[in-house]
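A, B, C, D and E are the chain letters, set down in written order, and residue numbers restart from 1 in every chain.
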Amino acid sequence: MNERVREILGWYGSDNPGTKANLARLLNHGRLGGTGKLVILPVDQGFEHGPARSFAPNAAAYDPRYHFQLAIQAGCNAYAAPLGFLEAGAAEFAGEIPLILKLNNSDTLAKGEPAPAITGSVDEALRLGCAAIGFTIYPGSSLRNEMYAQLRGLAEEAKRKGLAVVVWSYPRGSGISKEGETAIDVVAYAAQIACQLGAHIVKVKPPTAHIEQEAAKKVYEKQRVPIGTLAERVRHVVQSAFDGRRIVIFSGGEAKDTAAILEEIRAIRDGGGFGSIIGRNSFQRPLREAVEFLQQVMDIYAGKSK
Amino acid sequence: MNERVREILGWYGSDNPGTKANLARLLNHGRLGGTGKLVILPVDQGFEHGPARSFAPNAAAYDPRYHFQLAIQAGCNAYAAPLGFLEAGAAEFAGEIPLILKLNNSDTLAKGEPAPAITGSVDEALRLGCAAIGFTIYPGSSLRNEMYAQLRGLAEEAKRKGLAVVVWSYPRGSGISKEGETAIDVVAYAAQIACQLGAHIVKVKPPTAHIEQEAAKKVYEKQRVPIGTLAERVRHVVQSAFDGRRIVIFSGGEAKDTAAILEEIRAIRDGGGFGSIIGRNSFQRPLREAVEFLQQVMDIYAGKSK
Amino acid sequence: MNERVREILGWYGSDNPGTKANLARLLNHGRLGGTGKLVILPVDQGFEHGPARSFAPNAAAYDPRYHFQLAIQAGCNAYAAPLGFLEAGAAEFAGEIPLILKLNNSDTLAKGEPAPAITGSVDEALRLGCAAIGFTIYPGSSLRNEMYAQLRGLAEEAKRKGLAVVVWSYPRGSGISKEGETAIDVVAYAAQIACQLGAHIVKVKPPTAHIEQEAAKKVYEKQRVPIGTLAERVRHVVQSAFDGRRIVIFSGGEAKDTAAILEEIRAIRDGGGFGSIIGRNSFQRPLREAVEFLQQVMDIYAGKSK
Amino acid sequence: MNERVREILGWYGSDNPGTKANLARLLNHGRLGGTGKLVILPVDQGFEHGPARSFAPNAAAYDPRYHFQLAIQAGCNAYAAPLGFLEAGAAEFAGEIPLILKLNNSDTLAKGEPAPAITGSVDEALRLGCAAIGFTIYPGSSLRNEMYAQLRGLAEEAKRKGLAVVVWSYPRGSGISKEGETAIDVVAYAAQIACQLGAHIVKVKPPTAHIEQEAAKKVYEKQRVPIGTLAERVRHVVQSAFDGRRIVIFSGGEAKDTAAILEEIRAIRDGGGFGSIIGRNSFQRPLREAVEFLQQVMDIYAGKSK
Amino acid sequence: MNERVREILGWYGSDNPGTKANLARLLNHGRLGGTGKLVILPVDQGFEHGPARSFAPNAAAYDPRYHFQLAIQAGCNAYAAPLGFLEAGAAEFAGEIPLILKLNNSDTLAKGEPAPAITGSVDEALRLGCAAIGFTIYPGSSLRNEMYAQLRGLAEEAKRKGLAVVVWSYPRGSGISKEGETAIDVVAYAAQIACQLGAHIVKVKPPTAHIEQEAAKKVYEKQRVPIGTLAERVRHVVQSAFDGRRIVIFSGGEAKDTAAILEEIRAIRDGGGFGSIIGRNSFQRPLREAVEFLQQVMDIYAGKSK
């Protein structure tokens, strides 16, 4: 096994061999295999935003098989989706790419404090041949404690059964402002919480330079924590994830044109981020274009391109 | 086995042979057996609207055995009902028609945010010899997450025990307007959610051309999704159900006279819908008339009539 | 076995032999044994209204043994009570009369939306040698769904363990008016719900001619459902209980003097009701008088008196 | 075994030998052993009122061993306390006095509708060698149904595992007035509820002549239930506990000086009460004085003193 | 084994040998081993206050291994942290220092009545080789009863599996004022509650002379409980923890400069406190300085320095 992968696995000393093997599967698969970097294709937007908003721009994407194909052709490290989407392709593409079953999801048809529904289980992940479970928490929501407790139980079970645990840590809810959702202090805090809850891999949004919490602001200023550039902020988030001893990857953010996205990817790479998880920005393009785009992203992480 | 049925079963690659066999039972039974189309008789109105509103127009329908007889004589693919109604005939009509046990139901004697009560279990479905469980979700209700989580657990158990899962996905509740309950974006979204939650068969209402959600409206317009006719809207809903790789059937809607209903059936057929689930519009007619009516519907789906 | 009892047992084709045997025990016991009619003594008023209101009028009734004796001497089909009252006599009177353990009860010491507490279990019913469990639901309460779900679970367990299920279906709560609690549409609906939830025997209150729900009113009028006399209304309720294929019995109502009660019993009999469940109107009389009264009631059902 | 104890055990015909043996242990232990009367030392005030309010008046009582010693030296039938207090002495005093583990307790550091926290389990009671579990219910609280349901489950488990069940039935909460907490109708009702929930031994407060509930008032007046003296009221409460076939004991009430307390004890005895459970009025005195006081109380019950 | 440790273990007579052995591990480890005193390093601030506020002042502390090293080098009795932090070092430092897994934690990203989330389990503590579980309760919160019930269950399981139970008892919430959180009556009450819930070791904050509860005030004044100095207040808290038969340790408080902290430590020692649990005041210093500081604290407890 590659030295870098071995080094990363070394950070997970409390896990059993089954979980370590699945982490290795994620790290060794695809175009970035062995580099210690990851690019994951996540497709939960059908549940989260509805089918037309997600798939009408590229109608081939209505077919669940499309996303398996895209992730495989592009050489992603893994493909993550809710139960239904994985069920619809797990047999046909068995063994071709590591899968992550998202165990909770939110739709946008009702109002109220943000809270996802449980939509999958660890045993379903095993049944579908997954390498990992995925779980979303919303720090800042008044219902966060339920999410943390659910994650705790699912993560314990996943680890006992040899799976890896990927946590989407997305601050939102009545405890923080809209701007605060991507504030550097809040994103770093969200990464820390996910790690403390036992995540192997944490996904956060690229942070802005805004600081949400008054008590945090004083510390950032007094300690002169560098947060001026995105690379610096990524570095701070990675540091906040157990000083870089947990894998932190970043979502595509709101950037729209390719150049801007790639610019962001470079900043994530420069800040020591472990990779990206890119949904809409990839699968809403035609297949060939999407593959090309994802490979550009990967090449940045691989150091093959600036 | 018929090619079309074999093709459809192929979409359910993650299911075990027991569940596949029960899907085949549903698809191969009755007048539409082998066509890949389904007409199901559902009778939960006694619970949902009360006995007089449901059965007084055709007093023979107070007797639970009546509905077994109607479904069998008409040649429906299956008969779906709550626990009590199935208990009252499952032995007498054992093996004569595939049964679907509805595991939750709502009455109309109390107010508040819509939410069904759990009224059955997977083990009860097995005890009564059912081929599938049925479950209703109300996307748009502030209590939807509980419903999704309940369905998740029941669907996992049903699949493990070799049953199929039929989901009634009926948007309603404080998150959407009355008109929005049948809006095309909402119905397509509801179909997508049911599929993502692991449904094998999804039942929705025929959608109108109304678009409920602002964010969706932009996409429908920009992408010029055709939703002008019912057939187009049905096609969009079927597409939203994993690009047609999940079985989507439609409820009878509010149409009242036979001609209008049959017109609607033709549109569903033309849009690629997999069939209908028709309750009040059938069992509130005298037996012979109801049989005749249901067979007219089936003949449209079978392509035997325009 | 008696033909009528055999016929009634035939309605419960989905039940196992243990449950059928316990239904037979209820139908074959006492003065009405074999007639297909039942008179049951229920004594939960100590819990529901308090001891003085229940027992001070006939102080012998403070003693739990009194009710066993009354039910046995009068020749009732069964005696129903909460846990404590059954525990206090089940050993002494073991085998002398079928027992029904009421698994939930409400006191009148607190306010709020009506909801009973769970006060017993199926295993407790087995431990005490009962033939059936009893359970109360309040259709119309905003908490009804919890009651339905509780009943569902308990009924499934009871049936698996060979017990019969008796449901007290008493509409009340914020969803209906006070007058609506005994409205004919509501009582018929309540009977239907209990049957759909899997009850073998349903207890309702004698209905009035009031119609509570607007949507129901239209149907009663259009279909000219006869509800002018109590006998007609009883017939409609029995019809609403699976066209008479579930046992429906009636509570004593609010009638006070004996003549009025017996008049009501005759109407129930004439409408095809299966019997009565009479608490306060029996045990608040001196023993001999109570026995005589109950036997008068039974003789009406048995056709031995007008 | 003593005739009176044998008679009392006869009331508990539904219990298994293990539970009967533990009831016998309670009835046969200490100075009142064999008389059918009980004096129990309860010490949950540290949890309920805080340590200083409970133990500062007699600082020796901060030590959990003190209460074991007091109960043993005074010859009480049993000692009842929460988990921590029993854990701190159960080994040292193993076998010297029957123990009752209180399974729920309330502190006075927060506001809101009264509701105790679950603080112990049946298995903990077995681990500590207890003869019984203790449980508090608050009839009148809007949360009472949860308490009843918890008690139901714990009592079933305790009986299955051979323990006795002691219920503190203390009306309070938004359903009744402050004065109503000790009203004769409410206290009698509270005793009835505890018995119906399956208690072997019920503890209530000495009732006043106040009648809280309008519906009850009519009955007390019409039936002329004698409630003028404390002895009469105790007699009525005992009658309300299954006509005296359940053991009812009384708390110390608010009486402060010894003469008043002893006067109250005589009234309880004269009314047929089975004994007392005396906390603060005993352990807040110096040991020798407390022993003397408790023995005076016992002698009244034993008929050795007026 | 040391006499003092043997004496302390004697207070836990109800525990099994496994739990006693783990208590002995805590008491015998490190610089204070065998003295009966403890200094524990707790690091949950990353979860409770966020990473920058916690670790930016000493960036080495972002690395979870840092805290293991600090606790080991300083000779602490134990190191306590949430799941993630322990997972990240438990293998590397296996056997080098007793570990305490904190099973619940609160973040500061949302508002509302204080309540921690469950973030670990007893089995996780066993998996990571811990000697004890840690659990926080908030007496004064309207949600305290849930915390007590959770602790009850976890403590029962921990004791059955041979672990010790450490309870952080921190009054807060709508039931008490801000000043009341450290009031002497409240802190003593909080210690009592933790002991009654079965804690082996209790952590509280150093109390002030403020008295929060009116009913308590009367007793403190009447009984002249000495609470003028911190040492007196510590003595009262220790007395409130079963007359000193439970181990009570104190958090660092808000003192900021070293001299003030050490002054406080001396008062805790003089009042009979069993030690300290010091987080921010240690790990926010550079390693060498932190080690030195912690050893100064330990030397005070060991009697090696004034």
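Operating definition for what follows: a residue touches a chain if its C-beta (ideal position, glycine included) is under 8 Å from a C-beta of that chain, and two chains touch if they have at least 3 such contacts.
Computed from a predicted model, the values in this text were never measured in an experiment.
Chemist: In this assembly, which chains make contact with chain A and also with chain D?
Modeler: Looking at chain D and chain A together, the chains touching each of them are E.
Chemist: For chain A and chain C, which third chains touch each of them?
Modeler: Output, common partners of chain A and chain C: B.
Chemist: Report, in degrees rounded to the nearest 5, the angle of the rotation taking chain C onto chain D when the C-alpha atoms are fitted.
Modeler: That pair's rotation angle lands at 70 degrees.
Chemist: If you average the CA atoms of chain A and of chain E, how far apart do the two points sit, in angstrom?
Modeler: Chain centroid spacing, chain A to chain E, equals 36 Å.
Chemist: Using mean CA coordinates as chain centres, what's the gap between chain B and chain D in Å?
Modeler: Here the centre of chain D sits 58 Å away from the centre of chain B.
Chemist: Would you pick out the residues of chain C that each touch at least 2 other chains?
Modeler: none
Chemist: Considering the complex alone, what residue numbers of chain E touch chain A?
Modeler: Listed in rising order, the residues are 46-47, 49-53, 56-57, 59, 62-64, 82-92, 105, 107-112, 115-121, 123-124, 127-128.
Chemist: Which positions of chain A touch chain E when the two form their complex?
Modeler: 11-15, 139-142, 144-146, 148-149, 152-153, 156, 171, 173-176, 185-186, 188-193, 195-199, 213, 215-216, 219-220, 223, 225, 236, 239-240, 242-243, 245-246
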